[in-house]
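Note that the chains take the letters A, B, C and D in the order they are written out, and that residue 1 is the start of every chain.
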Amino acid sequence: MKYVYELKMKVRDYECDLQGIVNNANYQHYTEHTRHEFLLQAGISFADMHNRGIDAVVARLKMAFKVPLKSGDEFVCRMRIKKEGVRFVFYQDIFRLPDETMVLRSQIDTVCVVNGQLGECPELEALLEPYFEKA
Amino acid sequence: MKYVYELKMKVRDYECDLQGIVNNANYQHYTEHTRHEFLLQAGISFADMHNRGIDAVVARLKMAFKVPLKSGDEFVCRMRIKKEGVRFVFYQDIFRLPDETMVLRSQIDTVCVVNGQLGECPELEALLEPYFEKA
Amino acid sequence: MKYVYELKMKVRDYECDLQGIVNNANYQHYTEHTRHEFLLQAGISFADMHNRGIDAVVARLKMAFKVPLKSGDEFVCRMRIKKEGVRFVFYQDIFRLPDETMVLRSQIDTVCVVNGQLGECPELEALLEPYFEKA
Amino acid sequence: MKYVYELKMKVRDYECDLQGIVNNANYQHYTEHTRHEFLLQAGISFADMHNRGIDAVVARLKMAFKVPLKSGDEFVCRMRIKKEGVRFVFYQDIFRLPDETMVLRSQIDTVCVVNGQLGECPELEALLEPYFEKA
């Protein structure tokens, strides 16, 4: 159960809300951006897929917020991926840097919609297969 | 198990992403705004609480995305609330209008942080008690 | 020089940043949403236009920020519109409610891109002509 | 008239809207983040300043949008700075990488609000003085 990809980022002040901490919705942005960068390096452009009628969409997610990120914080978003039935399941954890304090644990279940229909996407599966966590 | 509050909204085009549907992170915005408006009508300002050292924060959430909202869609976010230990648990569902198609089911667990410490907030509890769902 | 359209909104707490005031970028969101709602009631859907290869895009903008909006504030965004050469020029002002304090003055110059080329869009012009401010 | 600071970034897909290009409001985010990173390396934390009662706020801005950024694009935001009366004037230009196509030209006028009053901030001025463009 090791991470197959990670992306370093830094909090941007506009992501903080009136509590002075990163607004929760931005963790979805961070995890989405990490997935898309992961896909890119695996040879898959989210935007190109959309233009060819293939949309990867989030069906379900769970997030546990541990410690909030603040202005100036650097962090890393690490991910693992599993295939379960039609779902691509991403486990994405965020750690503050450099102290590695856990900030977020999340599970994001995604599915493929091909020309408007929920379905398998063999092309995507072939490219991601090397990264899948085995049971 | 009936809803104790609802807020009607309309999709704003900047909330849609390159797939032409509302980006998932915005559902956190919609549910947060609904909770804050609910608190306001119950006599509680999220901003005032923060200024007095009381922060309601999200500890954990689960979301199931059913049907995406699109440009021009109107919708309603309905909520129920329960107290479980130190947690205020919000069940928030979004329905597209006027056809009442379910868009989102979510559960958002919040806790109070008082002067930096996780704790009970009797003031908040007294004001919200009339809305709590009984077991 | 009278306004031809106005839209009432309310600040959402996630729009406020660590200064406790609405982050400036949200004023672009407010003015964009107001333009799109104006277009809708004039019979024009921004999303439909895009799907038919016609994109209205902002070429240039000027904003003067007078008084910041805060958590809980209600406001109205009012607009006038003028045609100048190929540009549709929107004058959009925001006032806090109910005291009508001026929050923002802005001028937003938009142009039409038809199938990737800057150009005239007679369809849009015909629908908007009744709203144009005369010299 | 040379740039005194630059920050490289990459488009995140959630920043793109239904036109498939970066939504205009995000250019305010990009320029704000660049200013705050510039301030940080000059020894000034925007969040710390706020906590000590000093807020740098945008009074006025002008933006000219040349070529839109798209999914996958990398870019650099370069800035110059001038002092004019009480205003700190930032000239911020964005270029797509690696081809250096101009994406945005902007001028952002900021002022200091000290304990709620528009005013001079000698501390900020001393730290930024080495970067000021001379007339």
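Here is the rule we go by: a residue touches a chain if its C-beta (ideal position, glycine included) is under 8 Å from a C-beta of that chain, and two chains touch if they have at least 3 such contacts.
Remember, it's a predicted structure, so these values are computed and weren't measured experimentally.
The chains in contact with subunit A and with subunit C alike are B, D.
Seen from the Cα centre of subunit A, the chain whose own Cα centre is farthest off is C.
A count of C-beta contacts for the chain pairs A-D and C-D puts C-D on top.
Look at where the CA atoms of subunit C average out and do the same for subunit D: the two points lie 23 Å apart. Inter-chain spacing, taken between the CA centroids of subunit B and subunit D, is 33 Å. Spacing of subunit A relative to subunit D, judged by their CA centroids, is 28 angstrom.
Shared interface positions of subunit D, i.e. residues touching 2 or more other chains, are given as 13-14, 16, 18, 20, 23, 25, 29, 32, 46-47, 71. Within the complex formed with subunit A, the subunit D residues making contact are 12-14, 16, 20, 29, 32-33, 36, 40, 45-47, 70-72. If you check the complex, the residues on subunit B that touch subunit D are 13-14, 16-18, 20, 23, 25, 71.
Contact residues on subunit A toward subunit B in their complex (touch as defined above): 18-19, 23-26, 28-29, 32, 46-47, 50, 55, 57-65, 68.
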